[in-house]
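Okay, so here's the structure we're looking at.
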Amino acid sequence: MCINLIWNMADSSKSGKPGKNPAAAADAEAKAKEKAARKALFEATRGADIAAAKASKEKNKKQVKKNPKSENNASAPKTPASKEQDVPDKVEAKVKANQSPPEVKTQKRVEGAPKSSEVKPSSKDKLRVEKDPSNEKVTPKSEAVSDITKSVRNLEITEAKPKRSILKAPSSAVKGTGRTRELKSQSRVQTLFDHLPKGVEPRELFGEEKGVSSEGIHPGFIALGLMCSHGQLQGSNKRVIALLNVVGQFFDSYSPPPEKDFKDIEVEEKKSEKDIKKDLAFALQVFREERVDKATEAIVAKAKAKIVQDDVVLIFGSSDLVREVIVEASLEKTFSVIIIDGRPYATERRSKGLDIIKELGNKVQIIKYTSITGLSNVIRSVTKVILGAHGLLNNGGVLAHAGTSQIALMAAANNIPVIVCCETLKFCDKSPTDSFFLNEIGTGFGLHKKFTDAMTPDCGPYLVTPVIKYDVTPPELVTAVITDVDILPCTSVPVVLRVQENRAIKS
Amino acid sequence: MTATKGSNKESKDVSKKDVFQAVLLADNFENYIFGENCPFVPEGLISLNNRKVIDYSLEALISSGVHEIFVYSTRNTAELKDHIKNSKWSSLGSTINVVSSEDSQTLGDAMRDLDAKALVRNDFILVQAGVITNIALRPLLDKFRETVKQDKGAVMTLVHRKMSLGHRSRPRNVNHIVTVDSRSGKIISYNFKLSGKKLSIPLKLSIPLESIQQPEMDLYLDTVDTGIAVCSSCVLPLFTDNFDFTNMNDFIRGILINEEIMGNSLYLQRLESGFANRIVDFDTFKGISLDILQRWSYPLVPDMPLGAGQSSIYPFNYNFTYKGNNVKIDHGAEVGPLVIIGHNVEVGKSSSVVNSSLGDKCKVGQHVKITNSFIGDNVTIEDDCEIHEAVIAGNTTILKGTELKPWVLVEGKTQSRIALPNAEDDDESDSDSDIVPAGGQEGSDYEIDDDAAPGGIQDDDFIKFSGEVLDSLQRGFEENVATENLVLEINSSKYAYNISFKEVTVALTKGVLTLVVNLNPGFQEVALKTQWAKQKETILKFKDLFQHYIKTEESQRDLLNALEEYANDHLYYQPMLMQTLHCLYDDDILTEEAVLEWHSSESLYAAGKKLRSLVQQFVSWLENAESEEDSD
Amino acid sequence: MGSVEEDTTTSSLLALEALLKRGQYTRSGQISLLTLDIVEKYVQSNCWKTAGDLITWLQDTAETLRKAAASETASGNLILRLIKIVRDDFTNRHRSRNPGLMSQNSVDSEQGLDFNLEIPELRSDVQNTIYELQSELELSAENIAEEADKHIHSNEVVLTMGKSKTVEAFLKRAAKKAVFEVIVAECAPASNGHELAHSLASSKIQTTLIADTAIFAMMSRVNKVIIGTHSVLANGGLKAIAGIHLVALAAKYYNVPVIVLVPMYKLSPEYPLSTDINKTTNRFVSPDQLLDYSDGDVYSKVCAYNPVFDYVPPNLISLFIFNIGSLAPSYIYRLLHETYPQIKR
């Protein structure tokens, strides 16, 4: 079905229909069916190493069978597999997913993991769908991967149990003398982040020990993954655009195997490979223009109207969108800007907030800067707060850089309007109620150097320094969300999603 | 565990060896920070953000626990002494001695004077005029002592602050390139890159191979001298021994050149955090004033008292403005960020004040725009004025409707143009600055006074000096004297007769040219080829000498003028002029820009045109060569 | 008269004043001890005869120190306490000598008696008081820590911010009986939290060090917030290290109790002056920790605030633990009344 989708799209573009509909159709379809395929690719790049790692750890568990299989698969990605196999696998995977509730849950959690590792919601998901079925290179992997995903899912279930026992451990330790000092178990706090892939140094992503080889993945994706983990690609928009570019490259470089030639796919007309590629590229371009570029313009236009002369605007970190809003607004009126910054920085001593200063520079008259701890000192003079977001969740929560929720909280406590700028691209139908569900654990924040030296091996395990990158702001703290569609309250997310779906289905 | 230092009781207990001493120079000998055209106020008593500059320096020293401070002053000493007494600096436990001497003209002289007076016994901190810092100085001294233990020859640690190029608080014309040993911080080479707008790569640095002991070197372009140096007790005697050390640059050069011989070495302390900077010109004055208002120099900020609390404080307001007591600002007036307003000031309607400082008791009228300016006490600015980048001394009235040009200093009824000091070079003559007739006219035009009329200053001293130079050259030629010695000789003559550098160049050039004639009797009758061969030999022999003295564009100009003058006066030489130029160009003593500029300029000499046509071939060649390079 | 002693006292006072003016101190405990030293010297000297002299000197000293650093109230607080104690002592002694006098507690009666000569007992009384105060200062952290068992139970997650000696002692004490976890927010840009995290981990307490931006995210899993403060204001609000307000707000959102550990000398009889407490009593230090001065492009375009203190309103605080016991913010007024004299300004 996914495959149909694409060729339909290619079709309609050939017949001259505006690219909008197919893209929208693709969207809708994609949203409805994204999980397996997306998971497939993500497991391949990020999750697989974890899966493999877990697999190798859990040798004495029930799922022994699966482990060697997954390892084998991981190390032999070049097993030729037919396209037909691919689809049934996926269907199978999906069916499994839909059938077993506990699996669904874990599945969701696993999804949460890879998502957070690289990707920002929704947008990329759709594209993944389009890509996988049509890609032969990925196919051998995806088969392996689907197995891996199965094993991972099962592992997750088994993992859940040990975790619960872990939670019990501290109390059991205490029961007796109450003086147990040995670190038998993980701390509760640490376990909060266990579902998330740990921030890994980029070179550790691929390697024999991890059981994941980089063969079989288009180098563009590897590069993308590396850049994301290196921190070079910061900001959801940048990542989306980069991903779109890579997908484009990927389409370009893809060539079907001689015997296949799309014959298994229902197409109305036989098209040359070139044309199909062109259509795909066109579809991508349209997608990007519409959902990213134009959306940005629309949001900027709406948002800058909200800034009035002599305002004092508070912004946080460096969201591209917010930066554009400020720069555009500064051309028309004079106002002052207060930039809040918070650790951890992408690279130490060059915080995100400073990048804005370089751009704004002489354009905005007065720029003030402070760390998030100084927020309560400056908040009184602020007239509005403008924030960017990585995603808007189904329950109205705003997924954004860690610290955003605090700014919203402080602003709300002082009755200052909080405006979030977010494209509909980033709307996501997840509903986490806290900040742990969807998150990224990064690298780069640790104990101060002078203390790391003084750390004895004794106290080592007692100290953890997780780098929490995102948090979820509750909807009641946000006044309005400016999207490309309209200015909405936070809680309108499911409405927008539904409307878009409907629109897609109709066409 | 009292953290206080410098209380009387403590200093009595402390042995002589541990007395922490510092020398604070009250005057900036090199140049007046506002340029030569402006009426002189001793640097220490210039108002920076409504406080005297010397107060900042003293506060920095006393906070660091200096026990004895010697303030060296050459001008307006009485004023300085009064100020220090009135501010009750001495009550904080450190002893402040004002040492005065009217005779000292340069930093070198001051050092020699101090040495003679034998006041400083230990390692000390040398702080030049206009230094503002919040770093702790004691650790610097301790570190220096450690360094001395490792390297007995360590004489001084220069303290630099890391500042990127184009930094607003960095002096415009000063770009030093310092090469430092990574591990010890010892300075390997120090290049005074002059007023460089362009840095040519590859860069020629003279790094003596012998001094490289460790394999790692760091090359810094982004450091700025803070004016603070930790000196060992040998420094003052070194100045006494080397009479030609006039300023710090000489000292640095001298020590580095003679490193193998004398075994003295310099170290660099490059600060990457904390605030340390020095006011040397108007750029830095503006920059540092803004830095202080932005609180980089905390605790030396307007809302914290300096010294014994006698200086008033200006409370910090939200928008980075500091307002004193009793300030009346009209409703429509904009007092923008980074402003300090003194006590009892009134600002009228629709006026705006941005990035500036207003002294006490000022009155600003309506519709006045003030940006980037420094206004003293008791100044009245009437309506409708525009003041940008200006310094207005106290007790002045700016009349209604005045539009001051930027970079102007107004005092009473006179306006002077603020100028930047010349690029650092050996040349002490600095008459390139614009001279403004001190009239009461607003926006008066300025005229550029051309230096040295044609013919040079042919007075007795110069003649004697030329004679001596010629003697030295002759001896140098015959006995193959080393360049350094020649330099020494020429320099000593220079001082003896009080000759400027420009004149040295002239004398040198003429001397070299005359030498050939003197050494070869019958020179003028010989064939041109032979003449030139001998001439070239002489020139090449003194190539190093030329290189030593001809470093800036200005000195090149002087050289060319001297050559022209000589050619003008001596017919026989004229045909050789072109080849001389070519030869000097090949040896990198002259640059093509200088030659082209000279060639295209108006000649001051009778034979000017003729001479220019004589060298036309060379010049055309140069022009072609240039354009070839460009097209590459 | 002991002029030498007077000199010593004066010079020490000047030294302390200079210290305050330049901000060369890190903890108010340090200031308080220094202040007490000075007072002790003065009391031991022969510079004063009557209670009146002493009180006048104390008031003057308090005024001087307050002018030196408006943001530091610890020394002033101590001196005020001393004044109250001196007055009380004096009144008691006087009353015990003259039982016939009407037992009025009014200030007027005290004033009328100020110049009586009651040197010997008063002197020793005051000296004793000073010793008590000194030991109280030194032991404050430990006294407060004794309450630790009651407040921290096993398996709890405690959040704290920055570094406070009192909190450190408190947590370590509690760790002896219970196994719990601590989340430390690092408190940029000074990043004192690192020190505390290291210290706790060395004592084998499970610690997690997080950046300030993650406080709200972590708050949903926290059971208690335990913080120290710079001073407690007369309305029950706090003047604490910058960033504590964030913690308090987040805690309020999730209904997590906020417990503040405060030694008595940090209780100040001052009210927050207007809503903009920052103007007069906050310190804005160099932005060096936030921005890089050497980067000419960036720093010159920006004015950076680096405040030291935060104001936290009393409604965000659940409990105060003083070395004399625990109190709700609403009861602070009573404590003030008992500790500090009613000063007429």
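Observations, loosely collected:
Every chain is named by a letter (A, B and C) in the order it is written, and numbering of its residues begins at 1.
As a working rule, a contact is a pair of C-beta atoms (placed from the backbone, for glycine too) under 8 Å apart; a residue touches a chain by one contact, two chains touch by 3 or more.
Which chain is which protein? Per UniProt: A = Translation initiation factor eIF-2B subunit delta; B = Translation initiation factor eIF2B subunit epsilon; C = Translation initiation factor eIF-2B subunit beta.
Bear in mind the structure is a predicted one, so any value in this text is a computation, not a measurement.
Looking at A-C and B-C side by side, the one with more C-beta contacts is A-C. Of all chains, the one whose mean C-alpha position sits at the greatest distance from that of subunit A is B. Chain centres here are Cα means. That of subunit A falls 57 Å from that of subunit B.
Centres computed as Cα averages put subunit B at a distance of 50 Å from subunit C. Taken residue by residue, subunit B touches two or more other chains at 318, 320, 337, whereas all remaining positions touch fewer.
For subunit A, the set of residues touching two or more other chains reads 366, 368. Shown for subunit C are the residues in touch with two or more other chains, namely 276, 278, 287, 297, 303-304, 306. Those residues of subunit A whose C-beta lies close enough to touch subunit C in the complex are 170-171, 173-174, 178, 180-181, 183, 187-190, 192, 339, 341-344, 349, 354, 357-358, 360-362, 366-378, 380, 401-403, 405-406, 409-410, 413, 434-436, 439, 445, 447-448, 451, 454-456, 458-460, 462-468, 470-472.
The touching residues of subunit C, counted against subunit B in their complex, run 8, 11-12, 14-16, 18-19, 21-25, 30, 34, 67-68, 276, 278-280, 284-288, 293-297, 300, 303-304, 306. Put simply, subunit B touches subunit C in their complex at residues 1-4, 7-9, 63, 91-93, 134, 161-168, 170, 222, 272-275, 287, 290-291, 294-299, 304-305, 309, 315-318, 320, 337-338. Touching subunit A in their complex are the following residues of subunit C: 154-155, 157, 177-179, 181, 183, 186-189, 191, 194-195, 197-198, 200-218, 220-221, 241-243, 245-246, 249-250, 253, 275-276, 278, 282, 287, 290-292, 297-298, 301-307, 310-311.
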